[in-house]
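Below you'll find the structures, each written out as structure tokens.
Next come two complexes built around subunit A: one with subunit B, the other with subunit C.
For the complex of A and B:
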């Protein structure tokens, strides 16, 4: 049966805001085509139907923050031929990884009147800390066109066209005049992974690094430039400690400016 | 005596993770629990030490379905703390952005998350096989909502253009007017949505709710108003915590809100509609009446019709906002940080979303409090389940389970926000 020959897709959620998996439902023009090309075997945000594994492709959203999830991710891996992590939570621990810089007990008691009811790990960690990841999609949230590209590449057994340069290159492509040079607006574009299409600078705003660090970023030289623009050390720390705070280059640069 | 448990371990078509656990003893409902196992992410804690200006982007990440709501409540609270008023075209643009999120969110819930229950399908993709035109209408509606958010916010999810004081960049009118034709189509498609929703089968169920929503002197409540209720409460936003408090139930990672001396209450489309019918534009009122609704609707299953009526309202309003728009000279009013406490409350698609912040002299956040709509509805959802199961105790488990899931989905619960949700267990013993 042709029906059975379709690749089976599963979407998994760990600690997250659901924004990255919503990107799939936000592909209004492509959704029905995607649903025609794959069997959506497990996608609880969209369907009651649950198909048993194994799955040809798993999209994993969210970070690992509970003992239960630290076990569940191993089961997801065992059931998945190809595993793609989607978004900053899954690839770097997300904004909830800010706890990694504090004592989680203080965090729990700051939010919950009965801390003893809460079961959580002291750190929020990316999926790759726990299992082998076949591919990562960056962003907080991911770019839905990158997601469609990855799905169609995997369906057609080709390599997805996802580049790893910086947001700066995307500004040049888009024809946005550098806002840091021309207007002195602090921007993380030089050290940030491409993928969004350089949205913020086109809105007169400095990039805040939501796609995480690009390959081999020179965060030190960027920090010096930010200092030159009058950005204080605590503000540099805050800039590094955003949605990808635990990505190694951002974590290190943040610590270098902490006293 | 028969004993049983009905459980849904992973509630589908809700945003986030939760379950339902119901224990039936003989012919009595012994226990109902909404379990929220969405892992806590500690937003109120991680906001401490951050700059006031970072709150809209950080709190947006609480929920990928309604990031604009978080941005709007947080900027309102910060502007309240810092004594700034954002009005004129900047206020109109914020309202337009919020209309975009309502259109996207309501179209998603009505057709993709809620409708499958009424039609007996597992999901919207199955509906698309039998009724392709309905799903196409849904997707096109959702798309125009997303287009507004992307045009004003830079992207659909976690928009980047909102700041305390206004925006980073404001659009020229010519960037907005191309959306007018499709928004006019969307208004007609929303009227069609109300007609279609009215033909769905509705179980008889009308709990005696206390509705809580915003109310504004001359607008349907979206981004501003006083907090009012169907029992006569009428307070300013800063008085919210004097009247509502949060409980922490053992089975849950979420806090549940309670109205002091009243108990559970209901926020969201039904609450807004019942308290603000007179603020709906004629086209939305007419659509509601044609669907057989009066200005009172207590059946939570009919929230699917009311969301349709609200779709008419926001599409109509978006058209008007764009037609009347003139580009302001400045994208934002200047902000000077200083110490203060600020309160914000706006109507997220799922109901009122309350924020409070305390800032030090540098504008650094020293305390944050966020009360999302789903944590306010949680106790009400449990109470709905108890009442609903009690009157249908003889239904076969499979049917009862599905209907219980539907009771929860009536609220369009956003569990990611509530932790700051679902498994269903029905146990009979």
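For the complex of A and C:
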């Protein structure tokens, strides 16, 4: 590919912790290759030099929580040929979407000494609620190998190898023993989207669903199973309300156990 | 030759000689794999000494539940199967098939040439032995023949061990696959503990097996020892945790695609795929391509797949089996039914893994019984003679 024809990459931040963008900088071994393959035109976390749009590929981190965000995302969309959201915030509203279950004004007055300066929306919403999203990368944070995979796939014009089945399948492929069956430890793996490589069960703890709901998740059946393991209703609500609390299947299941 | 050892070399050896047997196998250049206690269960891993075997370990298995227990004795093989099966070492969960490198204007392909080691499986249970034979039917012959499977399988030595204890989810007697290893092994052992005496009655089915037995201190089995061995197996047969009425089971499934039971089980099934991952005969795979960022290097890889994923039935425009109902029905109907049409046998060997390791606690034996309940015998399509897979 000729030097001047390099695809232009932009990285955007909305309400988020920066962890997902950092995954890109964390691609130590691949970072030079990334820098060689694309023109990093806009990535404030890495460089202050900002190249003007349009961009071939935009990676969007964070959720929409302020009126300003809600406007800015439309500009990002207009400047981007291909828009990929990265992480639980951009894809499902993130941990900050816990505000959606309560009146945000109460939080503001509890957290900020001068609440009158805070301009915020009542809900934290995913990017796809505002603009068309071409692809979503899950996780809190995303898996850096998945990020490189998406970049390579886009650069090489092929389908990215990103699966939406359960974490369990990854758990079994790597030969991890199911901690729910062998130890009775509650695990969200059966309803959670693959991508992390089943990290948590391999460290002897249950998946807490940071990749959000998988394709066709049966949260009701899992909740029944968790109840059988002695998990209380309030704890089922907590399990559903993590980084993907407002992803529809998790939100509904949480609410069903709230009564 | 089930139940008939007349053509076989048959010997008795004391439990202390088990290490000599392991040494004899290792001495012939085999990498030995066997059962070990790890992560609160029994896993299959490298073995260098018999002290690594699950000595005195028992298992307590039920729907969605596995617990290790301790026994009063020093038995090596009184556990029943854990989640992993030998499929892992014959039909690997992930495998790079080939890689390609860009090369002046074209590209160069390298097949995955790494030669597998000679491997010995020690402690293969009769159901698992039959699962390996089932995989052989699918992956050694016919249109689905797989060179990666063949290269591992041909270098595999099998030391089977009959079951003296049946697990809570076992039903090999229903499927005709155990609890005694009938054939397909190099060596088969029956472990016997009588008061202070701990010994094995062993039989060899191959020259290699006979040669290995010849090389360790042994004696000719007495009538009493043979009877003791038979009793061990009979006791397991009498204590199966589950049963299945396997008569005409293929017809039962083929006849009942619209049974209301499928809707019921679909409310519980999470389509997580665990059942297919643990099943020792589930062989489905998918492939995926990996490239580097510069587009200079590409790899083509194969991964275990499951008919419980949406992608599995994806064709142009969408997935054919979008509901949990259709995916569970596909699994059960294939495993216990259409396998007969394709491969001339059941796909289930009654190991009970799918029951124990289903996190929703779904029990195939219960589902099959419910399908049979009050089901009138009716017409159903005959088993195809010409199979599209060409394996029967």
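The criterion applied here is as follows: the second predicted complex is superposed on the first by the 257 of 259 C-alpha atoms of A that agree within 3 Å, B and C clash if a C-alpha of one lies under 4 Å from a C-alpha of the other, contacts with A are read in each partner's own complex, and residues count from 1 in each chain.
Quick note on the criterion: a contact is a pair of C-beta atoms (placed from the backbone, for glycine too) under 8 Å apart; a residue touches a chain by one contact, two chains touch by 3 or more.
Predicted model, so just to flag it, every value in this text is computed and none were measured.
J.: What is the contact status of A:8 with respect to subunit B (first) and subunit C (second): first, second, both, or neither?
T.: neither
J.: Just checking: does A:46 make contact with subunit B only, subunit C only, both, or neither of them? Give me first, second, both or neither.
T.: Touch partner of A:46: subunit B, not subunit C.
J.: Just to be sure I read the superposition right, which of the two partners does A:16 touch: subunit B = first, subunit C = second, or both, or neither?
T.: A:16 sits against subunit B, while subunit C stays out of touch.
J.: Give one of first, second, both or neither to describe whether A:29 is in contact with subunit B, with subunit C, with both, or with none.
T.: The first partner, subunit B, only.
J.: May I ask you to decide whether A:130 touches subunit B, subunit C, both, or neither, giving the answer as first, second, both or neither?
T.: A:130: touches no partner chain.
J.: See if subunit A has more residues touched by subunit B or by subunit C, and give me that chain.
T.: B
J.: So, does A:257 touch the first partner subunit B, the second partner subunit C, both, or neither?
T.: neither
J.: Which residues would you name on subunit A as touching subunit B in one complex and subunit C in the other?
T.: On subunit A, the residues that contact subunit B in one structure and subunit C in the other are 204.
J.: So in the complex, the part of subunit B that touches subunit A is made up of which residues?
T.: So the residues of subunit B touching subunit A come out as 10-17, 37-46, 48, 50-51, 54, 57-58, 61-65, 67, 108, 112-113, 116, 122-126, 128, 132, 135, 139-140, 142-143, 146, 154-158, 160-161, 163, 167-169, 246, 248-250, 252-253, 255, 331, 405, 414, 416, 420.
J.: Mind pulling up the subunit C residues that touch subunit A in the complex?
T.: Its residues touching subunit A are 38-41, 43, 64-67, 82-84, 88, 93-94, 267-274, 277-278, 288-295, 303-304, 306, 308-311, 322-324, 356-357, 359-361.
J.: Please output the residues of subunit A touching subunit C within their complex, sorted ascending.
T.: Against subunit C, subunit A makes touches at 1, 30, 33-34, 36-37, 148-149, 151-153, 155-156, 158, 161, 163-166, 168-169, 172-178, 180-184, 187, 189-191, 204, 215-218, 220-222, 224-225, 228.
J.: Okay, in this complex, where on subunit A does subunit B touch?
T.: 13-23, 25-26, 28-29, 31-32, 35, 40, 43-50, 65-66, 68-69, 94-96, 98-99, 102, 104, 106-108, 110-114, 117-118, 120, 124, 140-141, 144, 196, 199-200, 202-205, 208, 210, 235, 238, 242-243
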